[in-house]
């Protein structure tokens, strides 16, 4: 459902074209400096405007409406609100009858019996990742000095990313990509057997991000082709440092003190300018569909900062649980 | 931690060489026929003895110690117990000082301050997947007529699986593999925004299985190289059937009525007969380590039935939640 | 922590003198008519202004900022926001050094290391019950035709309530009270063994309301003096109707089809005009304390509508869980 | 449902006349000495045999089947099993048609469609409190040096408890009672706003104990008759000690460093030797019912040790959460 976490808990709400979207962050300790400008760097990284992302120019200004006092967290739930402004609902009015391929239109209509806010994807919109990024800013502060970095390693199957995007834009099409994320300076011991492995918690959150199709940790899918003698990481010092890092920094679901490393696959944006086919629920026939409006040519461009955010959120929760269990 | 689920809830316990392992299954409705022999087919599929798996021959007999009456579930929690018998603890006695590469030995020693049951991996042992398989048998009954099938598609990078295993056995090494899982006859509408997408819940459970390094749904990592115009699945009938299934049966985190399809990467067994290197915590030096005892040459051979089990568990929980939300 | 519920989930946030207070309501089905005026009757019942309650006159206007579309719930989380306006922070500035007896000042200062928003009780303020009342309005719609009614049965030990309050006001003191709550038209079967009995869920929420000191169901504390032969309620028809209702409508933690009945004890308002004693943490001495500002002479006057709200919230969650378990 | 807790989590299972009852305790830190004899004192206090309790003489021997190694907890889930032996199912065979007044027979039959194990109350049996007592033993070790003590203050409305019980036995009737529980040496700061107040967590667990009809903290129901000037506890030293303890050791839902004090009302045992009336579902008529078998004349006699157990369980969970939030 719409909240997640055992001790560091987030509750998300809002719709793309409703009044607002927002997130409530519970379980943040008191005394952490937090003001609106702290969100700017990560929100800017996610923001529209880069080549290949949509030109929606509203300012995405966060408003901290609870949980801070005199510039510091208080220990009470922190709610960060983003009010929607530059919305063009009319673009979406005709889509209700014709569910867009690759989107949640068909399933949400069935599940919510037509009552869902269908404008711009409503609650399913990628715009809700704004709220994840905001929660990630708080989580990153909590887990310092742990550092998280994610970046796009390829788009459309190519490492020549700009060129691949130009080509997609020129053909009114879209492309997918691969994003790699790593975290350094992690202690040994975060992650909980049996069901709350580091991989379990991270992947749970990662698959809440729209457009993610796969995740792999350390050696990932390449492990399937390896021998044990090459895959096993030899432990070479008392802090647990290993000669190689096929484990991706995790053994038995628990951080081992090496860098946490994982990669995700991002599908090509579902909304494309090219004509497609879908069922028209009124005519009952498969018809051509052209989606007007603003589209990202490569949604993967926005994913790194979101991936950092959910990684930080996952680690903040596991940090708290690990701390709770100290003798 | 050691339980999972919102309405269909499982709690796992036990150690490889302790008295027993078991699982408590809460949230199963009353009136489902359930007796010990119902577990036999799936437990047999997981069992030791196939080429490439270890010859541990204890019988793995399940004992239903609560939650059934006159051969039917009662609505009360069902506990299934497996008593350990054929254990050879002595094999593991000398491993405490020398953490085995690829295993949880090092992290569990740090996290549990040396109090962990280290024999055979203790609570981290793959033997606990017995309990998952048992819970899967109950879950499969709940979600009928949904059918789940998983199988090993390649081992050691080859589709010639027997040959790859023979080769690994001959070299005292191990190999990884890929397992594909699909579920058919699913209704539209299981899965919950924002955080409990079908992918989120399945991957959460999948990464509780030891040795899993990656998961991908539908097109998976291949999506990163595709264009939107080829990736989007055209909807072709009122039930939501699509011309292709790159989505893997899921849109917006919700089942769309097509087959659910995903694949996982399984690493090569960490325990190998070949000599390896690790830090000896007594001498403080990196030394050679040879692991005696029983090892699987290809742990991926056991994964299909376990993967079916966790998929059934995930779907049973999402089924209940979807049913709860009906108007 | 700051959320509650298994399927019908509420997340509360805000402070008395911060920007706002609010609540996010997750798990409400789509298609329920919901607009701001729907909140007016219950919010008015809770509102300041009645004799014995404080004259804080801000309008407490609810703003639904997510989860509805065209006047109906969508199935997405509903956030209701109340912006704070008429706040007089200066009244509370000098209280940080002198914790008010009966309030959370001392414990919150210790727990949050002085970072808590201490103005007007901050996150501990009774003003947060506004948010509970709002969630109760939604819950009441969900559980219709179940009807819930609560009322003040005595104040200051007397059933002559107005007179008791006049006397308290005249002496700058405050008085406690008893509130009884009942729910009718309940089906048989809500409530879950072992830990989620109807009493467990209701009392969990009831003790989140500030100033509640006790709760009793049906015969309650009087049961301690009764014999089994008089306490047992004889079942007299196939629907489970009983001749008496000492059970308060619950057996084995599950609704039995009779009226749910319980009572709570409300302590006298802690803030009083009379001079009191407390430790001054600067001087280190016990000193006189006079609390300026607005106080309720009898906080119990506000409790009935809040009690109805948490009862509705509890029942809405149990309703969903019961529905999930249907075969 | 059948588990409870955020970090210290218990999962209960079993039936009165099934193979066994048991409990799995998750979230206990490693390194706590724990062996079967540690359970003896508390289990003996709960045991059958005291005057007014039933003469069921099975030995109630606990078996720790997971989670310990070499006499210490490991950090893995601890399962404690009690095998049932001395059961007389035949006593209960004729009760299915005639639901016993005061018991869960009617509601469980409706909720579980006749599939419930009805023998001796099945999963609703008071015998499951054995498992709570076992978990309480572990929890008490975790929260040391906190000390918890509960005792029966009155039975049948009288402080002359033995006499009241003799009288009930003589008339084949039963009586209720009041049990008071207190905890000393508590630190300041356990308990979590908004929903996880100390009172919320304790009462949630207390109402899982069969036969509890009410709970009150500190001044309790007497508070309803008091003035604020007499109810407020003056703070008299820097550790938060108060001159009186009407708060029962809790302000704003958080421990304030004074003794935690609460009382519960226990109803008279529902099973009595006296003839009663109930509906016979076969004849459709209200008929006389005489319950054969073993009955407690005063179930409240067994409650003190169970109340201590659930208090310890609640506090152990809140302790962990408080520890997690330390900066």
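Read from first to last, the chains carry the letters A, B, C and D; within each, the first residue is number 1.
Note that in this section a residue touches a chain if its C-beta (ideal position, glycine included) is under 8 Å from a C-beta of that chain, and two chains touch if they have at least 3 such contacts.
Note that the coordinates shown come from a computational prediction; the quantities given were computed from them, not determined experimentally.
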More contacts between chains, A-C or C-D: C-D
Longest centre-to-centre distance from chain D, chain (CA-based): A
Between chain C and chain B, distance of the C-alpha-averaged centres to the nearest whole Å: 44
Interchain centroid distance [CA atoms averaged], chain C/chain D, Å: 25
Length of the line joining the C-alpha centres of chain A and chain C, rounded to whole Å: 37
Junction residues of chain C, two or more chains touched: 1-3, 6-7, 12, 27, 30-31, 75-76, 111, 113, 123, 193, 321, 327
Residue numbers on chain C that touch chain A, as the complex places them: 1-3, 7, 9, 11-15, 18-22, 24, 26-27, 30-31, 63-67, 69, 72-79, 81, 111-113, 115-117, 122-123
Complex interface listing, chain C residues touching chain B: 6-7, 27, 29-31, 75-76, 193, 320-321, 323-327
Chain D-touching residues of chain C, taken from the complex the two chains share: 1-4, 6, 12, 99, 101-104, 106-108, 110-111, 113, 123-124, 128, 154-157, 168, 171, 173-178, 188-189, 192-197, 199-201, 203-208, 210, 212-229, 231-238, 240, 242-243, 246-248, 251-256, 265-272, 274, 276-279, 281, 284, 286, 300, 321-322, 327
